[in-house]
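Below you'll find a set of structures to go through.
Heads up, the next two complexes both have chain A, just with different partners, chain B and then chain C.
Take a look at the complex of A and B:
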């Protein structure tokens, strides 16, 4: 038995020595050093996660680490779950970095920062005091910002990093304020988590609501919840491949961790409206983000919006759990909580794989625009299969690793019946509709990403020149694909962890049984079961049966051959005639025109002789982030206007500044006296 | 759990759907032909077409990948799985516990996705167009099925199809409830859209630009085309079976029924599906195809009906146990 502080120290040691090693070794091997160091940090995280789940990490206090307050560490099974997920993503992303960075895509500074980022993410769930949490939260934010800036020479990267920096710092301020209000209620202003937990009962309803809303905003912005998501679809795609994977599959989970830790475990269980707020925010996030993903044409931006969407679904599940727990239906609340956790793990698996495959495509072809990709299935078969597995998971279809989580969520909503009277009877069907619409549009987004990006024929020179990625990247993707496959058919592998995590959560199994995740996934108390493994076997058997049926008459059949495409007799097909991602998504864009509000520029130039003879037709369309346009631009304009006003007072004259000082002092004195 | 009766019922269902689906399509065409004043080729014509296609040679177009070759098999395979799960002849299929209503919808979508990817894989404009349209329709259809499914699962306290059908058979009053009526209306629209019938898609069209399903499969020929046509017929049959047995479940064999019960179940479901198919074919005579961009309005309407059905069922049902 060791202490959590010891373990945090090991993590810090491994990541810092990794960073030092990257800085010291020759440039030639710096990529390998960074990748292996990150993977080592990930392995340490996995070990720590296993220890934490088993309950083998004692809480501890380290006085010297943070001035005045000291640092406090503890690990329960909830921390352990997040350690395991982040550790696993770090291992895969680290291995991938070895090959990815050897291509010359990463400088030495980002390579050195990478293991530190992974280490900081792994320490966050171990923090057991406000200061400790905030310290490592900020280290995580800063290191990830440096990694986003890895390709700082490009204008979009700098813009994305600026947006990320502003949002992450505002989020930090919100968390800080929320936790300060919380800690102020604790006896002697103690700031360790056990003290906060005891203090929660003494908190009045007003401050309690303030803490909930502030921490939800702060942690929610990290998880990419609408309307605080605007940085995510900019920063995640602009980061290098493995960093995108780490941010989108590991860092966003810490936003969920914050909500679970502070709002559920420490502050909760809360009143019903907390659950309803979570439900509403999650539903808005899920539908809005999946719509944006369905019309996105940038492969990595599409994946980033899908991250936001899945965090929204997890939030819906947590909200449902909170509402049901408040309404006295603990068994169904446990189903919803399980749905959130299963989906979190599944999302981490398929999103890692998706971003690694997309990173490989971007590295090889130099393109992220789906309208310029295509035809990658032949030159990059392994990457194509990897992305296909990830897309199947992201679409939430059976045989994919996102299915069980979404299935549990729909089941929890179905059995939420008669739990809380009229309001719930109105809210729950809406939530079902939102989840269903999200899945449907998610399928459309993923068919587009895979079908347009990887199948058909290349639409640009970059896509034409594509070749398969190096062996280490393939190995990393293979690891990711295996995890996806295992989670898809055998969710039972999560049972040893979840059976320890769920009793710790107020909406978990503390007050009743949870769903059984065996070969047959069953629900407590109500009917309803599904078996991903047996369903996969059944589909396999069905496919074999269909193959056998297709052999009927094959003996009298002439030999199979290949031939040119028929194309309705047209012939001479060029890639300009193919459907692109934009045209593929056009019907959906039209259906949701009111929400997406695309800008369309349609220019038709006719010959002078006749308006019916056209010389040139050009068509361009952009889909902006509507939330950003409607919500952020006015605020930014107001800030800029205020700054201009303030600038007018800055005349540069020392006399004016002295007068301001005197006036300020006078006002202060008048107010105080 | 693995009862002889259940296994026998499941096998009967699969064989019945596999053999009967082309006949249903032929029957619907024949009904339409007669109503339009034509003689019609008879209900067995789809089977003759299939036999002819299966004796032709396999042609793989240049530039296509394994997706093109695999899609028909996946489509037919998923249709067979659904035929085994959906309670047509018996509610006691051993696969009933393996896949509930939501899983069935997912497996159905799996087939749709496979075919859409094959359409994109050809790289032709029509393939992409068909894929884009079918995915748009599927994306809007899925929410309706799920919401209507929840409306039906709430009174049964289970989303497993066998249990829903058994509950309705035991308590016929449920069919007359407003929730069931709304869910039926929603599901009927969805089944029409998902199987590519009028007014969403015209299965007999000759104009590529108006096609949805046919546009995706323009490059297919021979045995692969036969598989797709067979699978499309099976999907139609299975969805009609589901629709009819969710709302008119009488005659379906229970979990422990003997051979006689299964025979009665088979006869009942064949009769009911044929009747529904006749009604659908007769209605199609009087319908014109909707413009593609009017289809979402129709689907949004059915989604709203599904939502109302779910809300109603939450109000009408008490908690389990």
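Take a look at the complex of A and C:
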């Protein structure tokens, strides 16, 4: 039995020696070194996760690591679950980096930072004190910022990084304030998690609510919850492929981890309105983000919005669990908690795969615009299949790995009505509607991404020149696809982990039995069961049956002839006749016009000789992030105005600045003494 | 040393400290300001030396001697090299820094500066009372004097134009801060004092180079003319 601190030390050692190795080796092999180092960090994380779930990591305190407070590490099964998820994503992303970066897409500095980023993410769930958590949280944020800036020569990358830096620092400040208020209530201002847990009962309702709201805002901004999500659809797409995967499939999970750890385990169980707030925020996030995903035309931006959507769904599940636990229905609350955790794992699997496939497409074609892609199925068959599997998972359809989580969530919600109370009777049907709408729009978004992006004919030169990605990238995507498949048909693989995580959570199985995730997913206390494995067998059998029947039916059909396609006399089919991402999403854009508020530029130029003969028609439309336009722009304008006012005080005269300092000193002297 | 002698000598040192600061505020010639700074450094060094002699604390005596060497000899010596020698002593053709011997056109006139200085001393006594009340003793009673020197250093920083005057002002400010530390506590740890002294030495060395560069580049060291450099 080793300590959590030992394990954190091993993680740090592996990450830092990986970074040093990348810096030391020749440029030729630096990509391989970075990828393998990241994968090694991931493997370490997986081992640690397994140990943590088994309860084999003792808590420990390392005095010299952080001045004054020292660093505390501990690992329970909840930490273990997150370690396993992040470790698995790191392994896959690391393997992928070997091939991706060898194309020359990544400089040496980002390659060196990559293993450190993975390591920092893995230490965050191990932190067992406020200072330790904040320290590694900040290392994680800074290293991810450096990775987002990998292609800093492009203007959009710099803008995205700026937005990310501002939001992540604001989030950090919110977390810091929340935890400081929390720790102030602990006896002797102790800041370790066990002390905080004991202090939670002494916290008055006012400070308790403040801690909840501040930490929810801080951790929620990392998880991309509306309205703090604005950085996510900018930064995640602009990062290089493997970094997008790490951020979108691993880092956002830590936002959820923070909410679970601080608000559920340490501070909770809270009053009912906490659950309702989580539910409302999650529902808003899910619907808004999936709508943005449905109308997005940038492949990686679509995936980033989908990340936000799935975090919203997880938040809905957590909120439902909290509400139900407060209403005295522990069995159904356990189902909702299980839904959140299963969906979190499933999302990590399909989002890794999705971003790896999209990163491959972007690297090979130089394009991320769906309107300029298409026709990739033939030149990039493996990538296409991989993205298809990821899209199936993201759509939340059966046989996709997002299905089990969403099904559990709907089950929990439909059985929550009986929990009683007028409010629940109003809220729960709304939440069911939100989940249904989200799933429906998610299907549309994923059909668009897959159909328009990969099928049909190429719409740009880049897409025409496409070829399959290198073998290491294929191997990474294969690993991701296998995980997706296993999670989709056999969620039972999660049982050993979840059976230890759920009893640790106040909304889990601490007070009642949890759902059984065997071949048949059974729910105790509620009459519902589903079997993804049998479903897969049935679908497979159905497909085979249909194929056999078709073959049998075609016995007597005459042999096929090859002939020119009838095109209404308009010549051959061209890519201009295809559905584009914009045209596919246009009906949705019209329906949700009031929310999306697209800018449309429609120019019709007629010939001078006759107004009825048109020379040119041009049509452009942009969909902005409405939340950003409505909420952020006014704030930014006010800040800019204040800054202009402050600039008047900056005359450039040294004596003026010294006089300001002197005035400050005098005021301080007079006021304080 | 009797308690009475110690108190008298301590107050004498504090008085010299304050008077030298007033002298710097009053005087225009930079050479005079540098000499007064040396006197101020010696007065400052006298505080720990007296304390050490009175309490037979050899360690404090050592600190005082180190302070004396640095602030009464080394730093003023370095500064003096920045001030051009008086007219007549050098070849007129080598007079690059003509007009650098005096503080020209300070932002506040001499009489107004002295009025403000008087105000600063009153303010220092007013705000220093709670500090004295913490632990009334002969040395803490002199702390407001040191506070007044700090305020005068700030005043000099704000109103003087020449680079050398700025350095003198900064050193006055730092002498004041060191004096507050010596008077309020019974001695600063050697590490802290060494660190602060090293900082100070580096500051003067760097600004010395900077001043010489300014003189070569702009022909003078009037900080008011640097306004155009902003942004």
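We take it that the second predicted complex is superposed on the first by the 637 of 673 C-alpha atoms of A that agree within 3 Å, B and C clash if a C-alpha of one lies under 4 Å from a C-alpha of the other, contacts with A are read in each partner's own complex, and residues count from 1 in each chain.
We adopt the following convention: a residue touches a chain if its C-beta (ideal position, glycine included) is under 8 Å from a C-beta of that chain, and two chains touch if they have at least 3 such contacts.
The shown structure was predicted, so the numbers you read here are calculated from the model rather than taken from an experiment.
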Contacts for A:665 in the overlay, against chain B (first) and chain C (second): which applies, first, second, both or neither?
second
Under the stated touch criterion, name the partner, chain B or chain C, that contacts more residues in chain A.
B
Scan A:654 for contacts with chain B and chain C and give back first, second, both or neither.
second
Is A:609 in contact with chain B, with chain C, with both, or with neither (first, second, both, neither)?
neither
Contacts for A:591 in the overlay, against chain B (first) and chain C (second): which applies, first, second, both or neither?
first
Quick check for you: in the superposed arrangement, does A:531 touch first (chain B), second (chain C), both or neither?
first
Name the contact category of A:618: first (chain B only), second (chain C only), both, or neither.
neither
Residues on chain A lying within both footprints (that of chain B and that of chain C)
none
Would you pull the chain B residues touching chain A in the complex into a rising list?
18, 51, 54-63, 65, 67, 72-74, 76-81, 84-85, 95, 97-100, 102-103, 106-107, 109-110, 113, 116-117, 120-129, 131-133, 135-136, 138-147, 150, 153-154, 156-160, 163, 208, 218-219, 222-224, 226-227, 230-231, 292-293, 296, 303, 306-307, 310-311, 313-315, 317-321
Tell me, which parts of chain A touch chain B in their complex?
294, 329, 374-375, 377-378, 395-399, 403, 407, 410-411, 413-415, 417-419, 422, 424-426, 428-430, 432-433, 435-437, 439-441, 443-444, 447-448, 450-452, 455-457, 520, 525-531, 534-535, 538-547, 549-550, 552-554, 556-568, 573, 575, 577-579, 583-588, 590-591
Looking at the complex, which residues from chain C come into contact with chain A?
107, 123, 127-131, 151, 154-155, 157-159, 161, 223-224, 226-231
Please give the residue numbers of chain A that touch chain C in the complex, ascending.
650-655, 658-659, 661-662, 665-666, 669-670, 673
